[in-house]
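For clarity, chains are labelled A, B and C in written order, and residue numbers in each chain start from 1.
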Amino acid sequence: MNLVKKRKVKNIIALSVSVFAAIIGLFWLVFILSSVLVKGISSINLSLFLNDPAPPGIPGGGLRCAFVGQAIITVIATVIGVPIGIFGGTFLAEYGRNKKYTAVISSLADMMTSFPSIVVGVFVYTIMVRPMGHFNGYAGAVALAIIMIPIIVRTTEETLKLIPWEVREAAFALGAPYYKVIKDIVYRSAITGLFTGILLAVARVAVETAPLLFTSFNNSFLTLNPNQPMPSLTVTIYQYAMGPYKEWHKLAWGASFVIVLFVLVLSILGRWIISKRYGSE
Amino acid sequence: MENKFYAKDGLFKSLSFISALVIVLICIAMFTVLFIFSYPAIKQFGVIHFILSDAWNPVKKIFGGAGAIYGTIVTTVLSLIFAIPTSLGIAVFITQICPHSLKKYFSNAIELLASIPSIIYGMWGLFTLAPIMRNYIEPFLQKVFLPIPVIKYLFQGTPLGIDLLTSGLILSIMIIPFISSIARDTFELVPKELKESAYAMGATKWEMIKDVIFPYSKVGVLSGIIIATGRALGETMAVAFVLGNDHNIHLSLLKSSTTISVTLANEFTEADFRLYLSSLFYLAFILFIMSFTALGLAKFLLKRIKK
Amino acid sequence: MNEILIEVRNLSFYYGENRVLKDISMGVSKNMVTALIGPSGCGKTTFLRCFNRMHDLYKGNRYEGEIIYNGENILRAHDLIKLRSKIGMVFQRPTPFPMSIFDNVAYGLKLKGIKKRSEIEAIVEKSLMEAALWDEVKDKLNSPATSLSGGQQQRLVIARTLAVEPDIILFDEPTSALDPIATSKIEDLIKHLKDITTVLIVTHNMQQAARISEYTAFMFRGELIEFDKTENIFTNPKEELTEKYITGRFG
């Protein structure tokens, strides 16, 4: 009897520890989000979006140039990364599906999704910034694209593999060439999954900092020319947060708020699409 | 007409093949570039000596990576110590305790931790967590541990909040979702019959978890831990805010330090002579190898489970 | 009357080292329904998929022998796209493409390079009528094909196949995923199809073969055991194996 009681007590203790761990996990999430939201929301005003940085001590500065720079870099990265990612994933799931080296490429892509992004920055610095002689927005975009490609390759591969083979065979049986089968049948069936993959990949790289430090670098002026050093929100947050001025910290919190909102909206949207499309089955 | 089809199909196939090849090319190019640019430093300082020496002195042009490597390893180990129990607890909670209707929401909430950008972890760490550590947690830890021999060396120094302990804690929050989601997935793979037969023998829930679920899913959990290790090793921004930049090795967890990635972030654009830059490349190369090994090992283990 | 459309001569088929079809010879009569029956694993589906070279999609397969169609050996054909546009196929489970009902039927036409809207519309209507689906879908041609029921989807796939006017349609157990009512509709349809094309059908259901086919081939372990008029196979089989199978005394 005593032993059974002891076991029951142990059981309750162990399960309580597990519940406690779950509470800790939630606690961190709420703690981080709420402090960003609370500190950030007071810094949100029109001048944050409409003005360029003012010299320290002069009020009314904003981060317009960083918003614009971040957007330009992300768009270029997307333009480079999405086609390569989709095509690459298509090869792994379709043309190359039975080849041994396909599994190797797939594993490699998987590993690259967890790769240190700062090393990507160092790499792109060497192959682009050094030869070109100056920091530039293109290099930042290439660094982000390198991070984006393996993510999209993997989500594309996984999504395409979910489409039943019979549908492809039916199209082949009509005399369709493989590229038409992929374009007309496979992509169309998989469109939601592909879109979600792209969405999550963009959300992930759009808020990267480390790969931009040595590529697009930073400046405090509005520039639309990606051949020049380009400011980005994330690098600006880093500089401002480490800087000594109260106004800078305030701006950094405002930018953080915007970034967190951006990521939350995109990832919740992505999850919602996935659960709507695949969850009910 | 048909000829056109074959030509277009060939084009599509080549394009997709080349795109897949880009993955391989990037990996090879990264390895090659890092190796070539770190070669001057490798030649100058050797391998063993560079890894073991913590002399990082740009003025004297002497570089050793031990400080950064030590910081990288200590923050990673600390983060694992904090994250593993928490993540396993979360996975147990999700799979065994949580009411079914809440399961999905709770899993999603934990995974949201993974989508918070590292720069935000850094900001939050610097302005919110570090003051709390400095003013409350670290003085408390000192009060508890300083009287204890040996362990006291880990908690010496003035609590600043900008140190290894804070960095490890932030990293642990970042990697919790990686470990917990893989642990959750492998816990779910345990066959129902196994669990039921444990209950049939009169086991309590905890005994079933401890004796059936844990042994059954240990390889999966291990691979999740290794992936998380890979993440923690290479994380830059979350740590750059709260670790300082000190290449000297201190035993105390309450001292500032540096990691490979933080060193790169702080010094890469300032390296003004060849050997300095090459030494930074050398560090990046070491980080590349470390992450590659960890992630490859995790991949290998996961493949083995699937078989 | 009994013109041979496709002649199979000494066909063998290998999955890697495994010889799964052994020296099969038979003729498929034009404008007739020919059924392939036999226990599962006997190779009937494998046999069917030789006619449009479906096995070429996968690695490590090898054909031996000849399948003569229009004076040429299908197994030596280089242009599979052209071959498959003349030899249609309908699968076990309905395979609607992720597009509208209209676009599904028009898909093969677009592959053929037909661009004229009026021509496409006419053929789509004709094919849907031939597949006995027109009345059910004429008001919702632009709805997604997946909104149809399983039986309707299967008839849509048949219409899609008919639209390119194939010389023969290969059916691979087309009713195995359908309920009895949808099945009988498909069977009626197949019986009528022989007026416009030729049918080669794999079926797991002997009664179905008896109901709809003129000729029946019984296969066992990769060999063609007996091939004859359907009534002969079911009333007066020459081989003991065939008799055992159709009377249900197998295994």
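Everything that follows uses one rule, which is that a contact is a pair of C-beta atoms (placed from the backbone, for glycine too) under 8 Å apart; a residue touches a chain by one contact, two chains touch by 3 or more.
Computed from a predicted model, the values in this text were never measured in an experiment.
> Could you tell me which chain lies farthest from chain B when each chain's centre is the average position of its Cα atoms?
Max centre-to-centre separation from chain B belongs to C.
> State which chain is most central when centres are taken as means of Cα atoms.
Measuring from the global C-alpha mean, the nearest chain centre belongs to A.
> Distance-wise, how many Å sit between the C-alpha centres of chain A and chain B, to the nearest whole number?
17
> Distance between chain A and chain C based on Cα centroids, please, to the nearest Å.
Taking the average C-alpha coordinate of chain A and of chain C, the gap between them is 48 Å.
> Could you please state the distance in Å, as a whole number, between where the Cα atoms of chain B are centred and where those of chain C are centred?
56
> Where does chain A touch two or more other chains at once, residue-wise?
177, 180
> What parts of chain C, by residue number, touch at least two of the other chains?
81-82, 112
> Provide the list of chain B residues touching at least two other chains, using ranges where the numbers run on.
5-6
> In their complex, what parts of chain A are in touch with chain B?
Touching chain B from chain A are residues 7-8, 10-11, 14-15, 17-22, 24-26, 28-29, 31-33, 35-36, 39, 83-92, 94-96, 102, 105, 107-112, 114-123, 125-127, 146, 149-150, 153, 177-180, 182-183, 203-204, 207-210, 213-214, 217, 234, 237-238, 241-242, 249, 252-253, 256, 259-260, 263-264, 267, 271, 275.
> For the complex, which residues does chain B have touching chain A?
The contact residues of chain B facing chain A are 5-6, 8-9, 11-13, 15-24, 26-27, 29-30, 33-34, 37, 85-90, 92-94, 96-98, 104, 106, 108-110, 112-113, 115-124, 126-128, 173, 176, 180, 204-207, 209-210, 227, 230-231, 233-237, 240-241, 261, 264-265, 268-269, 280-281, 284, 287-288, 291-292, 295-296, 299, 303.
> Under the definition above, what is the set of chain A residues touching chain C in their complex?
98, 166-167, 169-177, 180, 184-185, 188-189, 191
> Which residues, counting only chain C, touch chain A once they are in their complex?
Going through chain C, the ones touching chain A are 52, 54, 57-59, 80-89, 91-93, 95, 97-99, 107-108, 111-112, 157, 160-161, 164, 170.
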